[in-house]
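First chain A sits with chain B, and in the next complex the same chain sits with chain C.
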Partner chain A sequence: MTTRYDTIVIGAGHNGLTCAAYLAKAGKKVLVLEAKDRIGGMAITEPTEDGVLIPTCAHLLYQLHPDVIRDLNLNLKMAASSLPTIALGSDGRHLKILGETLTAMNGADLSSKDQENYTQVMRDLKKFARVLGALLGQKPPRLKNRDWEDTKTLLKLGLSIRMMGRKSMQEFLRIALLNIADQLEDHLENDLLMGVTAMEAVWGTHLAPRSPGSVLSLMYRLAGSMEGTQGAIGIPAGGMGKVSEALEQAATRAGATIRTNAPVKSLLVENDTVIGVELESGEKLLANSVASSADPQRTFLSLLGAEHLDAGFTRRLNKIRNRGDAAKVNLVLDGLPEFNGLSQQDLAAKLVIAPSINYIEKAFNHAKYGEFSEHPALEITLPTVVDPASSRSNKHVLSIVAQYAPYQLKAGWSEEQRADLGEAVIRTLEAYAPNIRKQIVSQQVLTPSDLEQLFNVTGGHWHHLEIQVDQLLMMRPLHGTAQYETPIGGLFLCGAGAHPGGNVTGAPGMNAAQRILSRKG
Partner chain B sequence: MTKSISPRKSELLSAKPRINAGRKPTPFHPRQVEKCETNDWTLWAGYSVPNSYHSVELEYFSIRNGATLYDISPMCKYRIKGPDAERFMNRFVPRDVKKIKPGRVAYAIWCNDEGHILDDGTIFRFGPDDFRLCSQERQYAWLMDSALGFNVEILDETDDIAALQFQGPTTFAILEAMGIKGVETLKPFDHKNFPFAGTELMVSRTGFTGDLGYELWIEPGKALELWDALMAAGADRTISPIGSLALDMARIEAGFIQPTVDFLHAEHVVRHTRGRSPFELGLDWQVDFGKGHFTGRRALLKEKEGNSSRYCFVGLEIEGNKPAHNALVYHKQKKEIGHITSAVWSPTMKNNLAMALLQRPFGVDIQEDLWVEIYVDKELKWDRVMAKAKIVDRPFFNPPRKRLTPPARF
Partner chain C sequence: MGRQAKRLATDKMNQTRYDAIIIGAGHNGLTTACFMAKAGLKVLVLEKNDYLGGAAVSLELHPGWTYSNCSYVCSLLRPEIVRDLDLPKYGLQVIPYSGGGVFMQNGDHLCNYTDHDAHRLELARHSKKDSEAYDRYSTDLMRQCRFIKPLLMRMAPDPTSFKPRDLAELAYLGKRFHDFSEAQMAETLRFWTMSVAEFLDEYFESDVIKAYYAGSGIIGTALGPMSPGTAYVLLHHYMGEVDGNIGAWGFARGGMGSISKAMAACFEDHGGEIRSGCGVDKVLVKNGRTIGVVLKNGDDYYANTVISNADVKHTFLDIVERNDLPEDFVRQVERFKIRGSSGKLNIALDGMPEFPQVPKDSPIFNGDMHFTDSIERMERGYDDWKNGTWSKDPYLDMLLPTRIDPTMAPPGKHYMTVFVQYAPYHLANNESWDGPNRDAFAQTVFNQISEYSPNFKDMILHYECRTPLDIEREAGITEGNIFQGELTFDQLLFNRPVPGYAQYRSPIKGLYMCGSSTHPGGGVMGAPGANAAREVLRDLGARQTVRGY
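The block that comes next holds the complex of A and B.
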């Protein structure tokens, strides 16, 4: 044990890398330890034997914080930075959405009233989301023992709510805790439009459109921007893994050391302070502080250990909602798929199967009772179409997020259950792309339980834990961990489980680094 | 047949156990019903136990002059076993459990995350990985919450063990007379098993009276046999069952605090400022900052380092002979600085005793010129008495016979 690091970062997911890059840039001696054989966490692209690149987990970029790109000088090229969303109708009559513009495809129903109201609804939501957006790149304010900076943040939040004007402010307060279904049904009438918009609110969550809090979760999603356009979605050239690689380069450039195949077994504690880590291999490494991007339950219960924590804290920790409900299905096809009513060009889009609010609610019903949906809602991208360079053959990739598939399946996840889930997804696809089954060369079905295993994320949750009022801001991940700090000295959180939350944003990593740097002493 | 208007005593005694709906009888209930002339029962953790049997004063004097049986079967008893048992216990309580050897018992408090006391009780250690925690109030939920991340098994043994507090100067002699061989070797806070009635009787030299005495633990099916054997062996030595009221007088003399009386379970209070830290209840000696982490440690360290304890718990001797129940405490007869949590006129010490919670710096830096405002009912004419009070050490009553091993054969 010769070297002592300033900070050891646990996990080389994109947030761990962001945190490391910021710290190294500030001149700190930083070591990143990753359990897996590769960096990137859930934001990776992996090659297959078929010569295609697969976004194993995350597939769309929409929230990478502009400060991260700027501060770390990220070398990131986009294959597309403004993909349209196409809400698939089973009869081939689809709706295309780009920004606030709606296009009815193949004679789909779309009243001019819906056109108009949709624009207004989205403008309002985006306006409110900007209020939240301002908080993404900051440590969440403390309510107790707050310093001047916290007070400023609170005042700013209050002020920006006030600045919206009296009517908007009332509206913000009215809808913030509402469910998205009520909000949409108040203004719209088109089922397909309501389905796709409602689904935007609940991707990656254990919520359905009629669940309270779903408006808030949509605002969170809309809080981000791509190349200055709020709510835009894109795919990096070379796939999602390129974000992580760019961050890896930034970190290495700044002097950080990154070690893969280095799973941390436990944290070393001395005098009630974390002083380093012990690897599975038995190797011990010392540091002045440790920043963990592993999920909070893993960080506290398996790495730190309950004996270093208060019982009330571990009770709350045990109750955080971190059970994933999204599965990932990646299909390699022997050629371009044919969807009813879609041209080849249309495939460079995000395709959504969520034809109505009730369709989603019915899919969610299964999850409530520990089953996966027979007719899941699907978010589909074709990275090989958007970014032709990601296929070295004529093969193509369908990257699909499927909801709902609960982490805790009543029957337990088995080989058979996984196959059944894959089958449900393919059957659902067949209604829109009748020939798809014949085209499948290989398939990968990842249940939340698989995601847990594969990415070392407890519960296999998209955001590590739900984005909900009680698990937000200073309450994220839980009371007692405000501002990236933890109950024990020397330990910080820097992953999706910390404020502001999940998605490929880099925000938790950036904020945590700034918190660590601003520490006195 | 003629109906009598008031039942005769024999009818009262043969009547069915007087148990209100929802209350459980303890294994000693049949004997208690026979003896309980006052028919004054109280609720304890779901069980009915007597407040008194015949006369609180006489029952009290039996504690100090003879031998007494007090039913502690309702005491919540939790068994904690498993490879992590010691680590678990050390995280659960602020004191160092490593120092409690098998065969020993220790008083302990435990706190929530804020360092506020939840309850107090006794820890029995049976082996390296085997403990029992006894407490007045139910603790199962908190124990289970605390078990997260520890390889331990927690069993609620409350209903599986009948127990008597056997207290008073003649208790040792009675146990000997009963044929419990080797009981003389028990030092205060020792526990040991002895054969009795074809089963094991666990005897611990513990109690809540500050006197020589034991607690006796046995399987419920043998409870009455134990009661009868004690009563028979003690016939010549003023043995008597006692209720909660007499015990309360003795426990105040002994200076013991009691949950729900001197402090409230910090997670049960509605006003969260009502929680009390060990430093605020005079239990500093329970807090071992050097042993590693325990629930509440960081809050308590902050309190200690920041000198931010709000209260100070003191024993008081008060002028006069009117017990200062629920009285307010004043400095210089003017400034209200606290209140009495427990009070008794001590028949043994002939002294007016109380325990009080004072707002710091009173009790710590300012100890003089303390007054207690006592309301006295003189046949429905209420008088207010300002009585001078003096801070004194606890225990108020601390006789050498309590500690002597082997104990004297009174």
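The block that comes next holds the complex of A and C.
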């Protein structure tokens, strides 16, 4: 116990690294502790024996906060910064979406009315998302006992809602908690278009298109931007791992120390104040504050221990919704896949299998009862096509998010269940790419339970916690700990379980660092 | 008709001008009518059916039996209205009931006891932990009820308006909210947005206990217990009171029609005029102003104020000419969601059916009985609805009013009401409710009950099966939705029924709404009717008879 750090950051995921970089830049002495043998958390790229790079978990970048990129001077190049989305139709008649522009492929049905209304619906949503997006980069205002900064945030928000004009404000207040299916069915007719748009609203959540609140989760997704384009999606050159590497560089450049293979066993507490951490190895490290990018349950129950918390807080903590519903399937193929009706250039896109709202609803029904769907909705990217440098052979990677596959499977996740899930995904793919099975060289199926193991995220949830209105803003993760501070002095939250939430944004890390720096001492 | 005859007719009509005409004699229309008549105005109520009450009616469909053939229990009716209209004087008597519970598939049951200790003991039989959580649950729910109750009898402020009255109402709301502690504020915000399943998960672990309480979160809505937003719907079944007992339920003696009858008597006592069998065909509009109505039979009546008790879709899409309305408004009305989600069976029984798994003297038979013993079964019922078919394993809310009110059936016989959730208005593959589907729907319900009551089917003397289509045809509510519109946040408060028109007024001068499509929504509450009367009386500069604001 020789050195005392200003702040110890637990977890070298993108939020932990962002938090560390900001703190170090402000001249603080910072140590980052990572349990695994590598940094990056869920934003990593891993090489395989076949000479390809696999985005093990996250595979698209669309929300990295522009302040993070600017303030930390991130060295990040994009292989593509505005990928189109292609909604696959099983008959080869697809819809291509880029921004608000729709293209019917191979003679797909698309009325000019749908074309026009889609543009309008998305413009409105983006407008509302921008208003809410202003909140991403700050601590969420408290409901009571507000400080001046909170009041300012609220006033600004109120004003920007007012400034939209009366009609827009009415529409905003009406649809804020609406379900996306109603909003789409009120304006559109095309099943494929409604399916893919509805799916955008529910990726990574335990919601289906008819669940109230799904419009809000779409607005959350649309609040981000890529290189200045709102709602754009991209893939970094070299894969998602490059985001973490860039953040790591920024942190070390600023003077932070990063230790991998250093799992934290518990937090050291004295007089209701955290004074440091104890590692699994028994080593004790002291610090004035600890910022945890681990999920809230892990932070409070495993690392801190319920004995330091009051019963009500613990009870509420146990009830936060953090069960993942999305599985990740990575397939290595012996060559370029052939999708019905898609050319090779078309493969540089995000492909979506969610052909109608009812298809998604039916897939979701299973998840409610602890079963995985036999006909899941799929989000597919081909990183090796978008970024040829990520393959050193003629092999290709299909990176697939499959929904719905619940964390708590009634039957329990076993080797067999995992194989069945992989089979369901491949069978679903076959309807769109008939030869795909023969091309598979190797496959990796990661259930939410596997993601929990791999990334130390309780519940295996992408966003750590559900992105639903009762777990956002001043209620994320719980009221009483929503401004990155916790009931325990010196302990802060800086992960996706804190405002504004999941996806690779860096925002919780950035906001938490500001919060820590604004404290006295 | 010759020109002269026409003019004569017109003259006759001019003699029968009214201060206000109310379309529909449902309980809200009658409430509005009473308050307006009390203010000394000359009011006419027009009802399409031959009987009054809309969905609060008592009908003899089988000799000797009185059916509450739509709504069937009473609790939400605002006590302020009962008092101000002196309804007991006009014959309304509400008899509280208690009991009820769930028959479980494993042969056990859950009984709801009025006595607090007895109830906790019963809960403990299923889960000791849940019996300990019960008080916390009641307290939390009561706090939400207390928060919302004062809002029921107030106009919903428009947050986009700068009018002093809206700002004052908003400030009132803000102040009430601010009276909470920070933790209570957060709990309130969560409560308004979460699903009833998640809400109950925070208190209980036993499936059957959760299922018993979750029922109130789905009754009448096209949402499942796992859909966000259903916790709030709980309130629509909890914020009522009988004789000052908050959350209590009762039967109107003589059926729900007694409420309408008492209101009609009060109205007529104050000089009001009711015409039944008079369906309104069109609202007459001249220069953007209402001047009266034309009936289906061609008769016309004139008044500068017309108040519609019909739902917002029926009002503005059927009986108001489209080109009298702004296009934008019509579009918003078109997308208002009134979804058929439930059906109803009224059954005349030859005696008390046996339920062998429960002791004969159990209070379970005196209240609301159910057979759905887990939230999962309830949610699966909703999946059927999403697929365009009625629930194969439906959630039933079954009562025997004759256990408490002997006036509804001959001695020794019983009247049973069974509310059935879910039943869609639109069946898949464009199938029709008329014909075999209605019978199959009824059989689904009978089968569920007979699983627990071997002699139930033999006891049936007569039954009436009401699908959403039947409710629409009879009560006139679009899709037969019991709340005249979904109770989701996009359709509550200042959004109900249409943003910018949530204060009972419409784009047409002199045309108002007073039905459950308006704030605060459905249930036999009377609040929309009273609130509408307050706004109309304000606009007319008449004597204010609606107290409160």
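One rule holds in what follows: the second predicted complex is superposed on the first by the 521 of 521 C-alpha atoms of A that agree within 3 Å, B and C clash if a C-alpha of one lies under 4 Å from a C-alpha of the other, contacts with A are read in each partner's own complex, and residues count from 1 in each chain.
Everything below uses one rule, namely that contacts are C-beta pairs under 8 Å (C-beta built on N, C-alpha and C of every residue); 3 or more make two chains touch, one makes a residue touch a chain.
Just so it is clear, the model here is predicted, and its values are computed rather than measured.
Asker: Is A:D272 contacted by the first partner chain B, the second partner chain C, both or neither?
Answerer: The first partner, chain B, only.
Asker: Figure out whether A:G255 sits in contact with chain B (first) or chain C (second), or with both, or with neither.
Answerer: A:G255 sits against neither chain B nor chain C.
Asker: Kindly classify A:P212 by the partners it touches after superposition: chain B alone (first), chain C alone (second), both, or neither?
Answerer: second
Asker: For A:G99, using the defined touch cut-off, is the partner it touches chain B, chain C, both, or neither? Pick first, second, both or neither.
Answerer: Neither: A:G99 stays clear of chain B and chain C.
Asker: For A:D470, select first, second, both or neither according to whether it touches chain B, chain C, the two together, or no partner.
Answerer: A:D470 sits against chain C, while chain B stays out of touch.
Asker: Return first, second, both or neither, reflecting whether A:R321 touches chain B, chain C, both chains, or no partner chain.
Answerer: Second partner only.
Asker: Could you say whether A:D186 touches chain B, chain C, both of them, or neither, answering first, second, both or neither?
Answerer: After superposition on chain A, A:D186 lies in contact with chain C alone.
Asker: With both complexes superposed on chain A, which partner does A:Q170 reach: first (chain B), second (chain C), both or neither?
Answerer: After superposition on chain A, A:Q170 lies in contact with chain C alone.
Asker: Classify the contacts of A:P84 with the two partner chains as first (chain B alone), second (chain C alone), both, or neither.
Answerer: After superposition on chain A, A:P84 lies in contact with neither partner.
Asker: Tell me which touches more residues of chain A here: chain C or chain B.
Answerer: The larger set of chain A residues in touch belongs to C.
Asker: Which parts of chain A are touched by chain B and by chain C alike?
Answerer: 315, 480
Asker: Which bits of chain C are touching chain A when the two form their complex?
Answerer: Going by the criterion above, the answer is residues 159-160, 178, 181-183, 185-187, 189-190, 193-194, 198, 201-202, 223, 226-229, 335, 337, 376, 379-380, 383, 386, 488-490, 494-495, 499-500.
Asker: Write out the stretch or stretches of chain B touching chain A in their complex.
Answerer: Spelled out, the residues of chain B in touch with chain A are 87, 90-92, 112-113, 142, 145-146, 148-150, 292-293, 295-298.
Asker: In the complex, go through chain A and note every residue touching chain C.
Answerer: Chain A reaches chain C through residues 142-145, 166, 169-171, 173-179, 182, 186, 207, 210-213, 315-316, 319, 321, 358, 361, 365, 368-369, 468-470, 474-475, 479-480.
Asker: Can you check the complex and tell me which residues of chain A touch chain B?
Answerer: Within the complex, chain A contacts chain B at residues 272, 301, 305-315, 318, 480, 487.
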